[in-house]
Structures are given as C-alpha cells and as structure tokens.
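There are two complexes below, and they share subunit A, which is joined by subunit B in the first and by subunit C in the second.
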Partner chain A sequence: MKRIVHALGISLLSLGPLTGCFDRVDLEDASLSLVAGVDITEDHRTMSYTSIPVFSKAEKKSQELKVVANTQREGRGKLDAFTVGTFNGRKIKVIALSKRFVQETPDWFRYMDIYFRDGRNPITPRVVVFDGTLDQLFYYHSPNQPILPLMLMGMIKSASERSETVDTTLQELHRQMNEEGQTPFLTEMSIKQDAMIDGTSLLDHKGRYVDMLSMPETVLLRILQKNARQSVGFSLRMPSSLTGSTANEDWVSIATERVKVKIDSAYAGGRFRFFVNLRFSASVVEKLSGLDLDDHQGGAEAACAEELRDKFEALIAKLQRKKVDPVGFGIYARAHHYKRFKQVKENWGEAFGQSEVKVRVSVGFADEGSVK
Partner chain B sequence: MKKYAFNEITTMQFIFIISGIAISYGFIEIPQVLYNGAGNSGWITLIFGSLTTTAANLVIVQVMKKMPDGTILELLAKYAGKWVGRAAAIVLSAYFLYFAYGGIVYSTRVIKARILQETPAYMTLIMLLIPAYVVARGGIRIVGRYAEVSMGLSLWIPLVFMVVWGHTHWLYLLPVLPEGWRPVLTAVPSTFFYFLGFGATAFLYPFLKNKEKAALGVCCSQLITLLAYLFITLLSFAFFSPGEITKINQLSIYMLKAVELPFLEQVEGLFIVLYLFIFSMSWIPLFLLSSFCMSWLAGRADHRIFLRILLAGTAVFSYFYVPSFNVTYEMGDWLAKFGMAIEYAAPVLLLGYLLLYDAIRGRRRLS
Partner chain C sequence: MGILSLFGGKHKRKSQRPSGNPGSQALPDEPFATDLRSNLDKLSELFPDTLDLTVRRLHIRATGQDAALVYIDGLTDKIDINTSIIRPLLMQTGISGEIPIEIGRMIRIYGWNDLTVAVLKGSSVLLVEGSDEAIVMRTGGWPQRNPTDPKMETSLRGAQQGFVETIEQNIAMIRRYLPNRELKFKNFNVGRRGNTQVSIAYLEDVANPDILRELEDRIGRLDIDLIINTGELAELIEDNPYSPFPQLMITERPDAAVSQIAQGRFVVLVDRSPTVLIGPSSFVTFFQNIDDYSTRWSIATFIRMLRFLAFFISISLPAFYIAVTSFNFELVPIKLLITIGTYRGTVPFAPFIEAAFMELTLEMIREAGVRLPSPIGQTVGIVGGIVIGQAIVQAGLISNIMVVVVAFTAISSFILPNLDMVAAVRIIRFSFMVAASLFGIFGLLVGLMILVGHMISLETLGTPFSTPFAPMRFSDWRDTVVRSPLWKLTRRPVGAHPIQTRRQGDNRPKGDG
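Right after this comes the complex of A and B.
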C-alpha cells in the first residue's frame, strides 16, 4: 500500500510541470523563414530581407519581405508585423549578403552575431554574396525555377558538389573569420539571364570583399584545400609538337579519379616558402586530336601536368597579388614554423603575398577510355 | 560487524559512479579550460591532471583500507575522536550538497539556453529533482545501478561526435608545445575541478563487494574519465580554429550544431536531452551522499528523510532564485577550491596522520 501511495505521489508530482509547456510552437502559428538577407540602403543603413514559404493554395508560394533595421534582431521584430504567424528563424537555410554590404560595411561580420549567440538559431545556413541589390534577388521569380529558398539551396548544393563553388556555412565562415592563417571565402551569385552561380568571393581577414574566383578557378582552389568532392574534370590543350596536328584545338579532357595534395613549408631568406605537390590520377574522357595515347602516354601525361601546373600557378599568383589566402597556407606555416608565423600572424595575407610558392604536378592516366 | 553489507555494490558500479560524477559537465567545459590554460597542447595537461587524480584517489583507497567496514566518517571518529567525525560529516555534507546544487544549476542553465528558452528555469530544475529523488532514495546500490544504466545508455555519444569528423583540421594540433612545457604544467591544477567526485570513494568503499579490487576500480574509472576528456578535447581542438575556440561557450554542444543530418535537425538539442543521464550523475549520487552524511550525524539509518528535506529545500529555494550562468561559473571556482582541499589535499594529510598514528601506537605497544 505504501509503495502504491509513493508511486502515485511521484507520478502526480511529475505531472505538475507539464502544465508549463512554454516552448511549444505549433506549425500553424510559425512563419518559418528559409532565407535571410542583409543589404544596405543608400545612406548605409542595414536592411533585413526574408523569404517565408506560404502553405496555402495561394498563387505565390512564398512571401518576401524587407525592413530597415539597426540589427538583425530588430529586423525580425519588424518582420513579425508582416507575417501571419510568429517569425521563426530556426529553419534558415541560406543567408544572402549583397555585395555592396560586404564591400562597404566595415566589420560586417558582427551583424551575424545573433546566429551564434542565440542558441535557437542554426549555424548551418549557407552564406552567399549576391552581386546586385537584394531587391533583385528576393523579388525575382523565375518562371523556370522553384521558390527562392529551394532554388538557392539547390544551386549551391549542386555547384559545390561539382567543386565549382565553395560550400561555406555560417559556422565555417566563423572559423575562417577567426583564423589567422586563412582568409574567408563565400559563394557568389548574380542574376544574368537567370539566377546563376558566379564562383567564389574572396574576403580578407577583416571580411572586406577583395576579389572573386571564377568557377574553374574555384575547382583548383578546392583541390588545394583538399576539399574537392567527387571527380573534377579539366579540358587541357596539348602542344602541337606532341600531337603533330596543325589544328589549334588539340584538346584532351580528363576526369580525376584521385588527387593527392601535399603541401610542405619552409622558412628561408625572411619569407615563407611552400612546396605544393599534386598527383593526379585521371581517366581520359575526351580527345579531339589523333594523338595515340598508347604510344605517347608519357608525353601526354607530362603535357597535361604542365597545363595544370600553369593553371595552379596562375591561381596562386592571383591570390598572392590580392594578398588573400583562402587555401590556408598560413595553417601549414603555423603548424610547422610557429615562431616565424607568430611574427606575421597579425597580417598573414601580407606575408603570404611575399612568400614563394612552388607547384609540382604529375598526372597519371588510369584509364584511356573505351575507344582507341 | 558489517554495517553496510546489505547494500553492496559491484566493482563495475563503483567505476561508473566515480567516472560519472567526474565526466558529467566536465565533458562540456573541459576543452575550453584546457585551451585557455595551455593552448593546443592542453591534452598533455589533461594527462598530467589525470595521473595526479589517480594518485590522489589511490591515497583515499589506502586510507580506507584501515577501516574496511566503515565510511570515512567512522574512520575519523575512531582515529581522531567523535567530534572530528561529526565536524567532517557537516563539512562533507555541505560540500556534497554544494557540488550537487552546482551540477543541477549548470544543467538547468544549459537546457534553458539551448532547448527550453521560454520555460522558467525553476520549473526545469524542479523537473530534474523528481527523478533525482526517485533514484537517490533507493540508496547506494540503486545509484550504482543507475550509474551503470546511464553510462551504458550514453555509449552512442562518441558515435554522434564522429559526424563532426568531416569538419576537423588536424593541423590545428600542431605544433606540439608551442610555448614550451611551462603553460602545460601550470595549467594542471585548473583541470582538477573536472576530476572532482572521486572523494565519493571514501563513502563507497565499505559498500564494495570486492574490496581488493578497489584500486583497480579506481584506475579504471580514472581511465574512462581521461579517455572521454581526451576524445572531446582533441576533437574540439581540431574543429575550432585557434581564434574562435576562446570565443564560444560549451564547445561540445556547439560542435554538434554544425552537424547536418538529413533526418534530424538541431542535433545538439537531442544530445542535451539524452546527455541528461550523464549530467544527472553530477547531482544524484551527491544528493545521496549529502543526506547520508546528515543521517550519520543524526545517528539514523534511514537517509530518506534528509534527502526529502534537501530536495524540497532546493526546489523551494529555486523558485525564488536560480543562479545565472556567470554565477554558476563563479560557484564552480569556489567548488574547485573546496574540492582541491577536500579531495586532493585532505586524504594525503589523513594518510600521513594515520601512518604516524599507527607507528606511534605500534611503538608504544612494543615498549
């Protein structure tokens, strides 16, 4: 009897706090924002944008809003006035920043603080730089594309899976912003004929917009970051001395099977030196010339390697000229030459610009395809 | 006379109680503490901290060998007098209560910050007290079984952290010892706080079924604690860039926020909820030990009446005041100081005293 009373007492007690389901949110009462955007007005005030899917038979499948607000949180308060349910940021998938915002707002990353500080917000949305005003993006309704959130997510996903753009989440951006030995990089988009991915925006240590990489350049960047997904393809031009053809267009296309990247660092003569060793194992997927790959495999491989090396060297030269290091050479420098790195860590971009990078590429054909 | 024979615990239960108390919120906090103290070589500090703790814990076992059938309180009463035993009971009871309160407030704060933002903190805390009562009223054996269950149910934790693997940068662990040995060694005492709880050995010892395995049990439980800490520390050092690691609170939970699974959102929320099993190890055994000391002081065999008073008191007090995160951390600093005195320094002194006592008495008997 005593046990029963005890059990009853305890279960009654545990029922008590159930009345306090304060955190319950019904889906009907929530307006789930899927895309957030930040832009600036002519007089440099920040604007918050959002896109909320509409679950009804309405013609338009999503609701786009913009307000002028000092902070992201204030913006949410104002957006709440427009939405049917309570504004909810838990499901934000993409954060779009206008290029002007990134260029002209000093220290713009602090506007992202709400995502990190408030435990309710996700830190996994993809961050995108949009080349244009966000009005263009948010009020753009392509007849061929699904609603804005789905379109953005799909485009970033597919492009980054082909390594043609980067896949920078908010957390990844936070890591890069707080990393002395690497500079941040974001996906860049624009609307030309239709919405499209342009490539990768490069930012400096402070988050200022510096330059951009095209999609082919991004592929090279991802390889150097040891972050290239699946296989990537290159179309390379063979020298006519090898192919013996007179035509200018002696192209060979290869798809990589495996890429081995080795980066060594050294410090000599007052600057850092990096040795990048890339070993490609690739299959030939296309060949326009009459080059016999069985007889000239070595020559063709060497020619491909040379072409690739030129591409990588051009990319690295561009990065050094702009004094940005999205590859993260500084991380290697810190790991292996800590004392030297400490002297330049306040401005690694500058030190990287002065360092010397040597690239060695070797290519091996794993498969020459199903025709001779 | 085997006073505690009816309530025996196995070696396994002993291991899990000791490491459970230690790991609880150390698992969430220790990477940052280590990084602040010793940079990316903090994991070496951790090994030193663990070795020191194992030594201190073995000292307690040595002390308790003098009194196989009684707790530390009976031992003190026998060797140093009744009043010393009573004073120790009061001090230890207060210490365990403070420990338990710190643990439950910390967990409440984490839940409040990450999952139940709108729910009043006192309500979360009271909800946590109910299972605490259900378990702790059963006595040490039930707590031992609970420790076994909660550790067993938490074996998935390393697996879920494996999802983070794709975001790691192992070069962050280099260079080893960038600033030399000095910061690594000076940071060792800051880790002691996260090993606290092994003082419970002094109370669990008489309940142990196989007392000869106590030393082995101590080594095992400290090894489990060390491995858990090493795992999370190395993972967070590789996950966070050196600049951001000092800027984020509760690294272990934050790391899981970066995980994207196709079938589950807010992995960290689910993690916290299930991790409550381990969190609860920082208050359930300690509420029990605190009430145990009180009942010893009052000379009663039943600890439940005191447990009820303690838990009801905590519930009522929490209705009026739940400490903020910063106060929780300050409480932790104080607990670290008390804990170092009570669990690290006191046993060594006591062992010295006992050896001296035996030596003098032995000589008297000879002469």
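Right after this comes the complex of A and C.
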C-alpha cells in the first residue's frame, strides 16, 4: 500500500508544475474564433474581425465582431470585451484578408506573426483574399448558407477539390512567402449574388497583390503545379475542317484521366528557358458535332492538344507579364542552374518575366464514351 | 528505479505467519478407547447440545459385536444409511467375521480428530465394541442442487452445465471432458474452521511444474478461519492485490475450465463454491470466450477485435469527452464541435461533473439491477431508462452528447466477456476521467502510459500478465486479437508455459480434393 501511495504521490507531484493544467476552459465558456479577418480603415489602420459560434438557443448562431487594433493580439484583447466567454483563437479555420489590405499594406505578412510565434494558434487555417470590405463578408447572412466559417470552409474545399482555386493554408503561405523561386497565391472570393469563389489571387514576393486568375485559369495553374487532384474537364473547340459542322457544334469536352507534367530548364542567352511537356490522357465525355472519333482520333487528339497549348501559353504569358511565378519555375531553375539562379534570387519574378517558356502538349484519348 | 516500477512490484508475501490459532479443533489427536461406552461418553463430551447428531446403537449380527453409528442427520443420505449400513449390519449373517457394510468408500480411522472432521463433513462413523478403530463411510447427502446452465456466463453453443456447490460433482464434470490419466487433482484443506477442500486440477504432462509449485505454495501457506467462495481464495493468492486487474480468472463453466487445463493452465476448485479459478490468466485470456472456438473463425476474430476496441472505448471515452470539451477542443472536427457546443451551451455543469454524475448513475442502476429480485429489477431498468434517456436531458441538466457517450461506454463494457475485467474497466475509467478533468488529453495519455506500464510489470502466478504482447510471443498472437482457424493453433500458448507444447497435428480441412 505504501508503494502505491508513494507512486501516486510522485506522479501527481510531477504533473503539478506542468503547463496545460491551468488553462481549462470548458467548450461552452470559450468564445471560439473560427474565422479571423484583417482589413484596413480609410486612414490605413488595421482592423480585426472575428466570427464566433454562439452556443445557446439564440436565433442567431454566430456572433461577428470588428475592432480597430494595431496588432492581431491587441485585436483579440479588444474583441474579448465583446464576447460572453473567453476569447480563444485555437480553432481558427479561415483567415480572411481584404483585397485592399493586401494591396495597400506593405509587407502585410508580418501581421500573421502571432500565428507562428504563439504555439497555441493553429497554422492550418485557409487564407482567403476577399474582394471588398470585410464588413460585407462578416455581416453577410445568406438565408441559404450555414454560418460563416462552415460556409467559407465548404466553398474553399469544394472549389479546390475541383482544382478551381488553390487551397493555401497559413503554413503553406509561410513557405511561399519565404520561397525564392515561387510567388504566393491565395484563394480569392467575393460577394456578388451570393458569396462566391472568384479564383486565385497572385501575389509578388513581398506579398503585394498583383493580379488574379479566374477559375479556369486556376485549373491550368494547378496542373502546372502538379497539384490537380481529381480529374479536371475542358471544353475545347475543334477546327471546323475536322468536324465539318457549324461553329456552334464544334465543341468537344474531355475529362483528364492522368496528366504527366515535365518541366525542363536551361540557361541560354542570358535568360532562363523552360520546356513544359504536358501529356494528357483524357476521356471524351461530350461531343456536339458528328465527328467520327474512330476515324479521326489522331486529328481530334492533335486539335485538343493545340487548344490546350494555347490556353497554357496564354496563362504563362499572363504570369510573365505580371512578373509572378506561382508555378514555381524558379525551383527548377534553382535545382539545375544554381549559380545563375543565385544572381537573380533577390527578385525571381523579374527574371521569370524575361525567361522563355515553351509548352508542348500531347493528348491521348483513353476512352471515347459509351455511345458511338 | 523508474517511477513505473513502483506500481508493478511483485507483491511480497510476509513469510512470517501470525502464530495465533484461528480454529479450535486442533486438539491433540486422542486415540479411541476399546470400550464402546467410554467412547460414547467421549463423543457426547465432544458434541454437547448437538441435536442433529445421531448416535444409533446396534448389534452387528455378523460378528455379534455391539456398535454405534454416528452421523449428523441433515448432512447424510438417510436412505443410504438405512439400506446400505444399518440393514446389513442388523440382518446379514457373517461369512468371514467381517463387518458387512454395503458402501463403496470407507476408511478406518484411529483418533477423535478424524472422527470429528468426518462426522461434521457428512460421513457416518461406526464405532465397534472392542475395537480401537472406527470406520468412516461416505454417506454425504447434504442439500444440493443439480447442475444448471451457467447464469453469469451464458453461451450460445457451449454446454448448458455449470459448476455446482459440491466439489466432487465439479471434479466429475471436469473428468467427463478429460478422461485422461494425466489429469491430476492436488487436494488441500483450507481454513481451520471451514476445512474447505481445495483441489488444483491440471494435466501432469502438460502443465508447468514450477507454476504448480508456486500455486501449491500459495494455497498451502494460507492460515485462515474460513473461505466461503472462490473469489476470497483468488484475493488471497493473487500476485498484486492493489492492481485493478484480476490476475486469476473465475469461471462457472466446466467447458471453459477444461479448455484452459488443456492449454496447460491450472484450475483451482473450491468446495461449496460454484466457480473455479483459472491461472495463470494473462490479459488476453479475459477477452477469450468459449464461444469463440465454436463459431467460425472469421466471425470469432471480428468479435475479438470488437472486444479489444470496446475495452479501449470503455476505459477512455468519457475521459476523452472531458478532455476535448474542457481543454483540447481544437481536436474536434468543426461541425462536431459546433454540435457539441450547441448541446453543452445549456448545461449548467462542467463536463467532469456531468460525466461523473452520469457514470455514477449508471453504476448505481447496474448495481441496483444486480441485487434486486427480478420483478423489481425491471422497474429499475425503466426508471433508469427514463432518467438517463429522457428526463435528465429535457430538464437541461445533462447534454445529449453526454448521454450518447455514457450509453456507448456502457454498451462497450457489456460486450466484455469477463465480469472481473468489466469491474477493472470501471475503476480505470473513473481514474481516467479524473486525470482528464485535471490535465486534459495530456492527463489521459499519462493515465494510459501508467496503465500500460502497470500491465507490463504485472504478474500472474509469477508469469507475465500481458503476454503475448509484453513480452512479445508472436506464436501466441494467433489466438489473441485474431482467433486463427483451429487447425493453425497447433501449439499450446507459450503464455501458459506448458512443458508439452504440441497440441495437434495437421488438421487443416482438405475438402474434396
């Protein structure tokens, strides 16, 4: 018996001084911030937003608050004054940044420091750029939608699973911000008729907002990033010489089965050169014209490849024009031509804008559908 | 010495026994007198005021001697005494001058101590004029019940016969399964007053003699007034009485006991108790059930896995609930978190109070149901069902989620086949709940680590309790979480430390081909 008492005593004593023993907050007593937002006022002061689920029989299921604060931490202190329970940021799932904040605040990423420095904060929330003031987003209550955090999470998840937007967590953003050979990219959304995903925001190395990609462009970006998760679909226009029908009926829709992406790099003539080789294995899911795929498979495949190449070339030209590299060509350059890369690593986006990118696409039909 | 070793040290028995004498029967063994009259005087001196002691004086026709038959009325079979003893003694004419008795089992004794014991245990004793010996005849006929189907350990396919309160019958039931010369019974008398017969049953060419010696030693050293039940014996001889875990399995099923004997384990039978002890019992044996071997192996495996899963659920689920609702809510997926929060929002108690209240209510209902006679017992069920299921939630005292947790925990603990293990699980569950309410997930993990450490160091009859997991005995894994097909179990489990390991040859069904 004495042994047991000793053993229990020693265990309890050794547990006593540990951290984690004093922070008991029951779930219903905590004000769990699920969405955090950062915006700026007219006079460029930062504002903190939050959305907190309300655990009561109240009609309204969540509480939205905003305060003007110099830092995120100060914002929390001020927000705590409004909440019933203890303000708690451990379960933040989405961080919404207003487009103005990203555009007009130099080096805005330092406001995210609290998530990395304070180990209790999660580093997995999705980061979203909202096109508009955050008032619009946080005080928007669609009768058709669940509460704000669930709505945002659901929209990001479904759109990114279809590769129509990116799925950038705070941790991933941290990597992108510190990556010399790539520029950051975030989900972009707005409220038009209802809350909707617009596509992908492109940021430069400093995190300044540069431009955005539409959802179809994002699909191409995700393919180039080798990050297109599920099958993606394209509707492509065949040349009428092949289909022999009117312009409205020239469309063929394909769904990718497997995509092989190969990016080679070279350095010549004072600039980087990239060779992007894309091999699509796709199935035909829709065809409007009378094109006989058995007879003209080779021709149809080549026509699809050409259409796709045009799309990729347009995307890359846009990226080069804006001097951003969300694909990460710089990573290839660094891996294969480190000495050259080292000279331009301070501003890879500039160097990427001047480099030459060649795209080659080949398409093979794996399946032509169930009917002839 | 690590902290954990503090928990698991082998329980050291004190070698010095108190010298006091709890019984009062240890008279110096006095021989009988040859004179019947003085013997009878002595008898009435030994048994004063014993109304149920019968002394029948008679004249043995065969030898012409006077004699007295001594027995206790209620403990003996009167028909047996009349037809097999008294009638031959009175009627039969002698052939060779021997006393004619038609009873199979009779022995001669020479002292009063033996007589006292024999008479009190239901034998009849014949004292004969001119002889300094007495004849003891087994005429036991005390109130007995017939073997009925086991009440606590019901089985779908197993035998419908449970042990009864008479050790002879229990031994007979074991022998019926194992008509084998190597099946041995080692007998002890335990209790100075109770004088209870305790028998160790084992297969001599299979069971490990070292464990037998340990078991004999522990039983032999007992110095006690009386043991009523097998459970008392278990508590007196187990390795670590402070452990929550039972270290010796108690069963009321002869088939279960025999299957353990066949694996090389020992079964301890206690007279007057309808249950037997099985040792050494490792952790996994408490999860095995006789039905596992009579159902198809794939189903049995699935049920085994369910049991292990249920064990972990029922020790840790309420603690986990407390931990995630009081400390670590970031672990819960957000939709579930919002659901839990919605229900918790209206409850006035902290999760620990809530959980402890519900678990205690459940334990009370369970305990009430066990002790009450069955007509009232049903009422308890109804009251409990309404209290737990509905009223308490509608009153807003307890959240719905908590009811789900408690119900899930209860169901999980019900599928464990061994009652002692279920009791252990309850104790562990409550301590985990306390740990979780103080330290959250961290407390739960520390609790689990202490539990695992304790299990590893625990012993049963001097052999490891947590075999075949610690120490690893991969060959035994065939009959743990997975119940392999019977033809694969060609060797007896190493955990039982048998000296003869081969159990069967190649019995794999070959089918038609």
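One rule holds in what follows: the second predicted complex is superposed on the first by the 349 of 372 C-alpha atoms of A that agree within 3 Å, B and C clash if a C-alpha of one lies under 4 Å from a C-alpha of the other, contacts with A are read in each partner's own complex, and residues count from 1 in each chain.
FYI, a residue touches a chain if its C-beta (ideal position, glycine included) is under 8 Å from a C-beta of that chain, and two chains touch if they have at least 3 such contacts.
The structure presented is a predicted model; accordingly, all values stated were derived computationally and were not measured.
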So, A:Gln171: does it touch subunit B (first), subunit C (second), both, or neither?
-> first
Please work out whether A:Leu13 is in contact with subunit B alone, subunit C alone, both, or neither, and reply first, second, both or neither.
-> first
Of the two partner chains, subunit B (first) and subunit C (second), which one does A:Ile331 touch, if any: first, second, both, or neither?
-> first
Scan A:Glu179 for contacts with subunit B and subunit C and give back first, second, both or neither.
-> first
First (subunit B), second (subunit C), both or neither touched by A:Glu28 | second
Figure out whether A:Pro122 sits in contact with subunit B (first) or subunit C (second), or with both, or with neither.
-> both
Intersection of subunit A residues contacting subunit B with those contacting subunit C?
-> 10, 14, 20-21, 23, 90-91, 122
Residue ranges of subunit A in contact with subunit B within the complex = 10, 13-14, 16-17, 20-23, 90-91, 116, 119-120, 122-124, 169, 171-172, 174-180, 182, 331-332, 334-336, 338
In the complex, subunit C touches subunit A at residues 3, 6-7, 9, 242, 324-327, 329-330, 334-335, 337-338, 340-342, 344-347, 350-351, 438-440, 442-443, 446, 450
Residues of subunit A that touch subunit C when the two form their complex = 1, 3-4, 6-7, 10-11, 14-15, 18, 20-21, 23-28, 30, 32, 34, 53-57, 90-91, 93, 122, 147, 149-150, 153
Which positions of subunit B touch subunit A when the two form their complex?
-> 113-120, 123, 126-127, 130, 133-134, 167, 169, 171-172, 174-175, 178, 240-244, 247-248, 254, 257-260, 265-266
